[in-house]
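Got some structures for you, see below.
Next, two complexes with chain A in common: one pairs it with chain B, the other with chain C.
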Partner chain A sequence: MKRFRRQFIFGLLALIAATVGALWLNAKYNALPNYAYLTGWALLAGMFVLTIYNVRKKLPFLPLGKSETWLQIHIYLGFFTTLLFLIHLNFRLPHGWFEAVLAWLFVLVSGSGFVGLFFSRVLPRRLATRGGEVIFEKIPALCHALKTEAETLALGSEAKSVVIAEFYTKRLAVFFSGPKNFWNHLAESRREVSGLLAELEDLRRFASEIEKEKISKLAALVRQKDGLDYHRALQLALRLWLFVHIPLTYGLLIFTALHIILVFGFSGGAR
Partner chain B sequence: MSEQLPAPEFDAQNYARPNQNYICGNACEGKACRQGPDAKGRCGATADCKPVLKTKPGETKGRWICTRPGGECESGPLPDGSCCNPVPKCSPVPTLRLWRGRVTLAVIAASCALLLVILGNPPWRNNFISPGTISNPHSGAAFAALAITNHLNESCGACHVAGNSGPNGMVNVAMRADPGILDFEKIASASAANPTAIDESCLKCHAGRNFHQPSAPQISCAFCHAEHQGKMMAATTDANCSFCHGDAAKMNPITKNTVAPVIHHFADDHPQFRFITENLHDPDTLKFNHALHLTGPTIPKLAGGEKLDCAFCHQPDTAGAFMKPVEFEKNCRVCHSLQFDPQTPELQLPHGSVEFVSAFLRSLPKQYLNLAAQFGKDEDANVFVEKKLAGLRAQFGSGEDLEKRVFFSTSTTAPEISVGNVTGAARAIFPGCAYCHEVKNSSARAPEITRPIQTERWLVQAKFNHLKHTSVACAQCHDAVHSKDTADILLPAKEACVTCHSPRGGVADTCAECHTYHKPLVAAQ
Partner chain C sequence: MPAAPTILERPQRWDAAFDANMTDADVERLLATAPFSGMAAEKFPKRTPLREILRNDARILKFRKGEIIMRQGDYGTSAFLILQGAARVVLKPDLPPSLLGRQATNKKGVFRTLAQLWNRSRPPEMLPRTLLGQSSGVSARQNEKETRVFLQDVPRILDQHRTAQMIAGEFFGEIAALSRMARTSTIFADSDDAELLEIRWQGLRDLMKYDDALRTHINKIYRERALASYLRATPLFKNLSKEQLDRVAEAVEFSTFGDYDWSGEYKRLAQSGSVRPEKEPVIVGEGDYPNGIVLLRAGFARVSQKFGGGERTLNYIGAGQIFGLNEIAHNWRNKESPVNFQFSLRAIGYTHLLVVPTRVMEEIVLPSLLKNELPPLVEKTEDDFDSAAPQTRAREKVGAEILEFLTENRFFNGTASMVIDLDRCTRCDDCVRACASTHDNNPRFLRHGPSAGRLMIANACMHCADPVCMIGCPTGAIHRESFAGQVVINPTTCIGCKSCFTNCPYDAIRMVEARDERGEFLMDQEMKSIAKATKCDLCVENHGGPACERACPHGALERMNLNNLDALSKWLKL
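Right after this comes the complex of A and B.
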């Protein structure tokens, strides 16, 4: 923990120093004739370092430093590169179609990165407060097991309860059929499952003692399934942001390459 | 070390393999096979084991032995050596990692396809890569027509070499650019205003670059005129002017260290206007006293009872920027009638030509005759004419004397005359041409009257618009009430302008607010 805090403070101070330095340089040299070229190359260098973090992850056998260090650099450089991007744009919105697309790609890539950082800082803590560790890839199997158990309980040959069977068919079958309430779990809302459990509790008024016991077991299964859905939703969110961040990074690189060609091809010195 | 250990409930036999592209199709039911699918998503399930053939010494055929983990099965391998418990095949499921890879490839493919399609179609390409709207003068039908006349491309190619070619050509041009793509030193040390290759495109339509002072260094057109900034070309900024005018090292050799070689701001180090520092005078020969006309007690009121003011003579032109020239017929005659005969107000001299005046005076009998016919005088016309001519002779002497008096007299008073019901010495109704004009005697011909010069613009290098200054009283800038001499140039000094045009005054004070770079430098003559 101490090490993490030390890293955080060091990284934050470095980021603040780099930001202040960049803004000072921007104020001093903004009038340079080819200032946009210089900031553009600096931005490209930043983007290059950010991108090779993905390469580093794919080459774990090479002695390129710890992945943890690379991640820290990736995060702080990501913030700094966003500042460089704004300086490169001279804090103005681009006008042309191509430049607008390029800027939007950068915004989406950096924005998804910030979302991913937020998720990776917040969601694991929330997961830790809701049950034990659940491996994401095993959630479908665990859900399937819960479904089988619930079906046996409600519809099996030993069930002999029309009320429970009917309730299962109408309400619980859908709930156990697959992942549910993704957005509710992300928003930390338990409204859906609470409603379902309340309906299940209502059955007790007309149930025999044996049926009441089954209802209690079914309620426990519903809670377990909801817990798995919660884990699935949060762990999926921790993975889904990469579906925006990584693919658009490559799109951004392609558009950036064309941007460089256009800048020099259509510059004042183009012959 | 403890971090690397699996969780207590970790099942080593049921590893999920999230780093692989596919997982077993039965994994969602908790029944994943041990082998799992291969990298291409093919089910790797075969059987519970792969039997091995063991041959004891002396045997020829040998025996298939079950190799199932956890112990041999009851049935054992089949006679052909295959396992008796084949595992049913599944449809492997792509992992999130594979989906991410597919989305990545799709984005790359879509980006490349989109760019190729757009760049391969010239009209789309030009619209797509343009970094902003082109100014009106460089777009539209008029520009296209001019481009055709000058044998230029009507679109991007008119200015950009790369605009004439497709993607390959763009790359080639980019590689030949100066400074080059990787020429960091040159990029960093480049001078802002140096002419570049693209200026040659400007020169195809705009002949020459020497619009400014001849001694000024050559600068790039694009330095001041940034294109792709909207329908209106971006305004030239003070930074553009200060590039030379704010740098003593650049200006001293040009100005030879004369007055104010370096100018940063209008309110600070901009020099006083030259008509003041060089004590210039209005060269007009017309005798006019602004102070008298605006404040003199003898100046009569206008027809509506209003006092004579600036606006009576100085009317703005159609655009409102400048004032129309003052005209005798419109602005002067209302007070300065050219009535030379005190007894005949209907008869007035013509204005504008010495010859006409001379001819008019020599044909006075005819003029009086016409007057009699026009106004239907009761008495006989010839008697009327004789009476008038006799009156003139009595007052002015011969016709020659009369003509001399009309041209050369500057007298403000006349002999005893009668104007209306007032008799006695009075202000002359028409003192003579020389009262206002410079009249030169010419023995051979009619006298010469110097034509008045009305200077339309004094500060020809400066822009001005009266319409924008209507909230300011005329007298605040033009000190006419104290001017008694035509030679006075009634323009404000720099300080009057600075009152508003300065950071303190809050009104724009940029160089371009008043100055035009491309206008030829012509001193007010």
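Right after this comes the complex of A and C.
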């Protein structure tokens, strides 16, 4: 069986078994007096294992196993910890602002994780299919070069075309001025750029032969810029979710520590 | 109007002589010295006369006692003839790596591994003081042309190692030069007046071609020193007795194809986009009578088949692989319906090969094989290349596009190429960060490179089977960590000459300016910055293998031997 499929089936079976086991244990023992402590500690243990994956990533020179294995554990444990969280909450809404913040932090960390998982499984394939592989950090410089080329073509001293100059100023200058169509690219929509190219093609009706050649060149530049925007949008999405997931994880850990202090400080009244 | 083309003289073989300073007097002197004095100049063609070979493909070098002429494990393109004085070859035990300008690789201990936690704030490309001095036991002296490394304590070496002296008239280094194998011994000058003639391989090849005595002499050495052990290790001959093997060795013919200095030429062709199979030297033509099996001893060759007006690649084969066995085994069993070679074999870059004649195969080798060890019969079906030879199924395994991509770019040379599956790579750069963390904050590769479909080969050292980067390193700084092991650079003995950087056809070596602990550039007396060559060392000092591979969260990066398409095919189908 292929490795990734085997990983998926094994992980899924383990998750299903763990879920069934946890629900069965929950049904059987949730009346125990210290049950909330038990599920709390289990949840904390799960969160601890999830968090140390980031530590593993920061210590690549230590022989701590493959990051791929760690990520698999992180993903399936992430799903299971979400169930533990619901069990710990006893499948009810949290009380008070502190619990609500803590719960929201958990939801956002988990949610961003799920989004990240979705992105990391879907977007790379789309990038590969589109082609024109480019390093993210080089995109601004490449865009700037395209902008300069387009500007020279449309507005340079040798341009001498009012039609093209006007269109460039009104429509293309904005397009070349910076990253565009982030959401369109993420949604795999080409509506904006197709519209722009159609408008550019319309100019041919008023263009001389020399101007038509320039229009073709400008259209090629628009396509190149669109390709760079596409790569930027998808590569940014592949990075952005981590800027939500990781800082919120630290917030969640701080609130979890406070939660434990509060629970033990006022344990006489806790549940 | 198109610009007028630049007109210049067509480049010729001897436009760049090995040594531009060779004088007529030098050449006259050589012609009066054995073995050249005994060569019949009239046997050499007008295009490559003996005199011009000596003038353009040879140079005279003077060595002082203790200066290293060649190191064990180095790759060289030339052979040496002692003209005057003496040289000494180290037999056993081998000289330690430090005496050869190398670094004994030690795995990092617990403390050095953990120390990477706080060493990451160092300035980039910082060279610790401990690495600035030359290792004890050797030193370097530099003249206007080149750097020579010399052994400081020759008497102690003579005392501790078994050595043998070689005197004027003796040849050495010719087998490694012709077969593109690593040098098997270290040789140093044994007198202050040692004068050697260094002949580059092209010249040696021509001398052998037109002088029977030299050819017989070198062939004899080759058969004695290299061939017998090689044949013994080849599975095809495993059932032969010693006498049979000797008969095979006696009948084997060897030859070289292509261009030894292929890397520079390849770079030029790759840039112009004209690396085409039709331009590669043909070793065996499709449809030729099978007069022997071809064993690749070094280099690579492309198996191709006529397709339309061109050739399509079916596979590439490397050192140790065999071509033509199917046809010869078929003809041996089916004398009434013989077949010719089903495919063409073309040299890619440089190829050194052995040919075992059909007669010897039929009389000695094929009868020794068990029935299940014989290849299947060739089925002469139109356009069915898969049934003929298992080696041509590569196209089926990885697909035509990827096979052409790997061949055109000569990536099959890599034994540890960084292969990235773009369908899974999230471009997170965890691999780059892991590499930087493992190398004092200095990443040793670029997560970018040529790609075909979902496959990308990143700009990282591929630890080539044919490491052209190692040819010409004056100090031995770039070397294999072990036999056929990782190619590593010793920063202590690297003099920043850019030889490896220029030779690498894959742009996997970078020159960096070294800094001190304060982050200031290291300067020489002329206030020029000290440059060092750097590249991926496959985390040879770290435990657990290459950090880049271990750091990839999505299993999208693998260090792979691209000469084994089974592994690639399996990985692509994951």
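Rule of thumb we're sticking to: the second predicted complex is superposed on the first by the 267 of 271 C-alpha atoms of A that agree within 3 Å, B and C clash if a C-alpha of one lies under 4 Å from a C-alpha of the other, contacts with A are read in each partner's own complex, and residues count from 1 in each chain.
By definition in this document, a residue touches a chain if its C-beta (ideal position, glycine included) is under 8 Å from a C-beta of that chain, and two chains touch if they have at least 3 such contacts.
The shown structure was predicted, so the numbers you read here are calculated from the model rather than taken from an experiment.
In the superposition on chain A, A:70 contacts chain C only, with no contact to chain B. When the two complexes are overlaid on their common chain A, residue A:135 makes contact with chain B and with chain C alike. When both complexes are overlaid on chain A, the residue A:62 reaches chain C alone and has no touch with chain B.
When both complexes are overlaid on chain A, the residue A:123 reaches chain C alone and has no touch with chain B. Ranking chain B and chain C by residues of chain A touched puts B first. In the superposed model, A:98 makes contact with chain B only, not with chain C.
When the two structures are aligned on the shared chain, A:238 is found in touch with chain C, with no touch to chain B. Legend: residue contacts after superposition of the two complexes on their common chain; A:3 is shown touching chain C, with no touch to chain B.
When the two complexes are overlaid on their common chain A, residue A:255 makes contact with chain B while staying clear of chain C. Applying the stated touch rule to the two superposed structures, the overlap between the chain B and chain C interfaces on chain A comprises residues 133, 135-136, 239.
Contact residues of chain C toward chain A in the complex are 113-114, 116-117, 422-428, 430, 433-434, 437-438, 447-448, 451, 453-454, 456, 542-544, 547, 549-556, 573-574. In the complex of the two chains, the chain B residues touching chain A come out as 7, 14, 16-18, 23, 27-30, 32, 95-96, 99-100, 103-104, 106-108, 110-112, 115, 127-133, 156, 160-163, 170-171, 173-181, 184, 187-188, 190-193, 196-199, 220, 222, 228, 230, 239.
Interface residues of chain A, counted against chain C in their complex, comprise 2-4, 57-68, 70-71, 119-120, 123-125, 127-128, 133, 135-136, 235, 238-239. Contact residues on chain A toward chain B in their complex (touch as defined above): 31-34, 37-38, 41, 94-99, 133, 135-138, 140-142, 144-145, 239, 242-243, 246-248, 250-251, 254-255, 258, 260-271.
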